[in-house]
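Quick heads-up: structures coming right below.
Both complexes shown next keep chain A, but they swap its partner, so chain B is in the first and chain C is in the second.
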Partner chain A sequence: MMDITQNYFEFLALPVTYQLDLQALAERSRELQKTLHPDRFSHLSDRERRLSVQYTAYLNEAVSTLKNPLSRAQYLLKLEGIDTFSETQVQLDPMFLMQQMELRESLEEVAGSSDPGAEIEALQVTVDREMKSLRDEFDSYYKQSTPTALEAAAVSVRKMQFIDKLGREIEALEDQLFDE
Partner chain B sequence: MALLQIAEPGQSPEPHKRKLAVGIDLGTTNSLVAAVRSGESTTLSDEGGSHLLPSVVRYTEQGVVVGQAALAKASVDPFNTIMSVKRLMGRGVADLKGLQGEAVYRFAEHDGGMPFLQTVAGDKSPVEISAEILKTLKSRARATLEGELEGAVITVPAYFDDAQRQATKDAAQLAGIKVLRLLNEPTAAAVAYGLDKAAEGVIAVYDLGGGTFDISILRLNKGVFEVLATGGDSALGGDDFDLALAQWFLEQLGGKEVVAGESRYLTEKARWVKERLTDNPSVTVDLDHAGQKITLEVSRELFDSLTEPLVSKTTRACRRALKDAGVSIEEVQDVVMVGGSTRMPVVRSRVETFFSRAPRIDIDPDRVVAVGAAIQADVLAGNKPDSEMLLLDVLPLSLGLETMGGLAEKVIHRNTSIPVARAQEFTTYQDGQTAMMIHVVQGERELVDDCRSLAQFVLRGIPPMTAGAAKIRVAFQVDADGLLGVSAKELSTGIESEIQVKPSYGLDDNEIAEMLKASYSFAEDDMALRNLREHQVEADRLLLSLEQAIQADGDVLLTPEEVEHLREQMAILQQLRNGSNSSDIEQGVKVLSQVSDFFAARRMDQSIRNALKGHSINEIEGGS
Partner chain C sequence: MAYSEQVIDHYENPRNVGKMNDHDDNIGTGMVGAPACGDVMRLQIKVSEDGIIEDAKFKTYGCGSAIASSSLVTEWVKGMTLDQAQELKNTKIAEELALPPVKIHCSVLAEDAIKAAVADYKEKQAKKQ
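Here is the complex of A and B:
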């Protein structure tokens, strides 16, 4: 029923690019929310309210996918026919994996250290820096858009997934250390 | 501009057609009802001039008493006088052990694990008790506004989970109130502030009520109130401050066991002291307990140190909400205080220190939520067609499914914008497995046992395959009220199972129907009449909205044949509607909905195009 043949970028009338203007994304999202949100249909019939829930859910999914740098990269690759969303097994170079193991070890040692706050802060800085450089790497491969370059971009995405997971674990540890 | 339009005393074009809609703040300690009158949102008072209705329900052999009169009997008739029932909403019997000091009631065993309270009028569920409070507010609104209510916006703590929201909605249904929307309390407060001040930017709403704590971070922009993140504790409030002090009283008295009436005596004394400490550096209190008389002096410092862990809990939640919102403390332009418990000096000063700015207290913290809810009710009832106001909320707690080993796999993360729909695929783990248990949970913890169990159902009829071969797609949909629906489907066969999530210890539809019947002490005929009336209203609604849609867009979006076909179908429903067969009308509404769905979708697509007009992709690329 709903016109979801459009991709998220077209749906939001935004150019298909990794360097997305987040301000524009927020504005488009607001404009569409004003048109589609169920509250705009609350005094109308059930049918229209149901439809509006579906559309708004699609809009929210589009916005959250494009807002996050990792899922945005994954979505761009998906449009190119490379699905990194549902991969379970990936091969990455040993150097990268080694570095990941070291970072994970540092994370495990945080709880027992004399100043966990500072340790976490330092790890967070590393994670942010790695993520930034992977984003730049992805963007330059993606722009080349040859099949080889896109495969390389997919490797950047897989590495981002590792870093992202580490970031979430840091967050969880932080909650655990300071909130309980 | 948009905000001005809303703030103006703007009546709908035809004042006589104005629909009556109210905002209800169903609080732990007090409840309120508000309405927009002559363009201004104000709370409504009872005949005696009081606006606050104590959320206390007393059951007697003669009937039900709600409010001040019930509160007055709290100590002498503790088992029949139910206070702070909000803390029991959507909870299972097992949860009650966590609510220390409050289990003064006698609980009755019932199926489904929902706690029923034993009273002289029989066993009562928290939903029924809350419905009594809502009924009282409803009749107050009818008396003041002189008319039938179109519906109400009822506020809930932002941190309420699905079970608590569903229980609140059930209570409204029992009270005969149509819920236009369940609105989060901090969002309602932001609306009340935002309209007056035409604010833009990021604000934090700190809401400490009688039994719940919420922190919400919102971005305000041209009439859109967008919740970025929310956090809190649905079992932390002013009551806990009373309990902390009452506990100290008990220690001074030698720490004897207490029975229901006495514990209430001590918490009432504690509340009395707490309230006086707001304006006095220290308070003297006389206690007469279990034959012991004692006079105690409570200084603000003592009170602050007794309640320090509680306040710290709230500031930790603030820190996490800011992080989830991706907002720094410096970006927060305003901090709004909501809830009676924010009157405590210790709370105000700690919040001020945390955010490095003085919190806003210019709207009465007891009334601000109801005032905001009424503003939205007015918009949702359709009284403000030109209003730009829109409230965008998030899911407060992650939703997930139980996977192997008792682990919770998150399907939708907390602070995701709602409405939202998301699906996840699972597979069988045994050869020849033909059924799968779907267990829906809510919470942030990894183990299912640490999360709230929302619902369990079984998908049957999976064709026997080797382990891992079947593909089961479980789809979650959360609506604008934050309520969840779940469906599951086996992809190779298309076998489907759908449920409206009813909390593991909630009321099912039959129970609600039974209670409705009992509470409206009228005969079957009246129930049928009520049912007929509801379906007629829905039919009218559909016919009217279709008629308006055809007039507005029929020329452009429909072929003459399509218009003709729609009109034929509309005539059929109109005829059914004029009759008195309620199930025929229900069926007719379904049919017309289906045949007109394509038109609604075309209109929706057209409005998307209109909303984005002037933002063609080419133009953007050309400009960058």
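Here is the complex of A and C:
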């Protein structure tokens, strides 16, 4: 039977790793969803039905957290006792912040440029490249699993959060400029 | 969430947006960021020879409260000594802008930014000697 005191990986019977097999995640999710289908519970008691609602909520939460590379990294750190989900007070590398500032300045200038489409694409390439390298960086620190390495992994996650936000802003601008 | 009138005023008419040359000796630059919301803030001060902040500029990519907090700080620190600026408390910023509890961290970010700018200026001066 399902157990919501298990962590998301255990709940889905998947190995605790950053290099998650997304196809396996989708398959496990489908299997569990099938066993949780409300029709199967119509003959059950209120208590059992309530449980099934709880399981479904937990399953959805688990899948959406593990599917996204940023929240997956954050969740792995949380399991190690480092909570990066809502921290606001952290020291960050000024050079990194400077670069973030410049990227946002470039994004701001896109709308007024002669070829916004090309500018956006170039920024998207940068975001994808940065994200990829931060994911690799996170994975290698996470695997080392010493306290120092995990702290370094948390730094990678914090950087990912800025890149992720920039990515969402690029998308929003794209919608605004091209979806008439 | 509803923004206070003070926040909207700073958001719609931000004071002192801009950039000063980071390489000048009399400029201090503070760069800070909040990962949870992805906000980035740059706050710069221009310091006179007798240690008074003559000018301040900022650029913030973030929510209305973060923009308003940094805008307000640039207004306040002009004419202050470095010590006065360093003692600026986020609670005063939050109070002036009537920030709700969930936005207090924006005022903390602005306090961190002015502290970082003063520290950067002092470091530059120390290097000169």
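Criterion: the second predicted complex is superposed on the first by the 165 of 180 C-alpha atoms of A that agree within 3 Å, B and C clash if a C-alpha of one lies under 4 Å from a C-alpha of the other, contacts with A are read in each partner's own complex, and residues count from 1 in each chain.
To be clear about the criterion, contacts are C-beta pairs under 8 Å (C-beta built on N, C-alpha and C of every residue); 3 or more make two chains touch, one makes a residue touch a chain.
On a predicted model such as this, the values are computed, not experimentally measured, just so you know.
In the superposition on chain A, the chain among chain B and chain C reaching more residues of chain A is B.
In the superposition on chain A, A:30 makes contact with chain B only, not with chain C. When the two structures are aligned on the shared chain, A:111 is found in touch with neither chain B nor chain C. When the shared chain is aligned, no partner comes close enough to touch A:125: not chain B, not chain C. In the superposition on chain A, no contact is made by A:79 with either chain B or chain C. In the superposed model, A:161 lies in contact with chain C only, and not with chain B.
In the superposition on chain A, no contact is made by A:22 with either chain B or chain C.
Of the two partner chains placed by superposition, only chain C is touched by A:94; chain B is not. Using the contact criterion defined above for the overlaid structures, shared-chain residue A:61 touches chain B, although it does not reach chain C. The residues of chain A shared by its contacts with chain B and with chain C come to none at all. Interface residues of chain A facing chain C in the complex, by the touch rule stated above, are 84-90, 92, 94, 97-98, 100-101, 104-105, 157-159, 161-162, 164-166. On the side of chain B, the complex with chain A involves touching residues 19, 180-181, 221-222, 224, 226, 316, 320, 323, 376, 379-382, 388, 390-392, 416-422, 477, 479-480, 538, 541-542, 545-546, 589, 593, 596-598, 600-601, 604-605, 607-608, 610-612, 615-617, 620-621, 624.
Here chain C touches chain A in the complex through residues 31-38, 40, 42, 59, 61, 105, 108-109, going by the rule given at the top. Interface of chain A with chain B (complex): residues 1-3, 9-15, 21, 24, 28, 30-40, 42-48, 51-58, 60-61, 63-64, 171, 175, 178-179.
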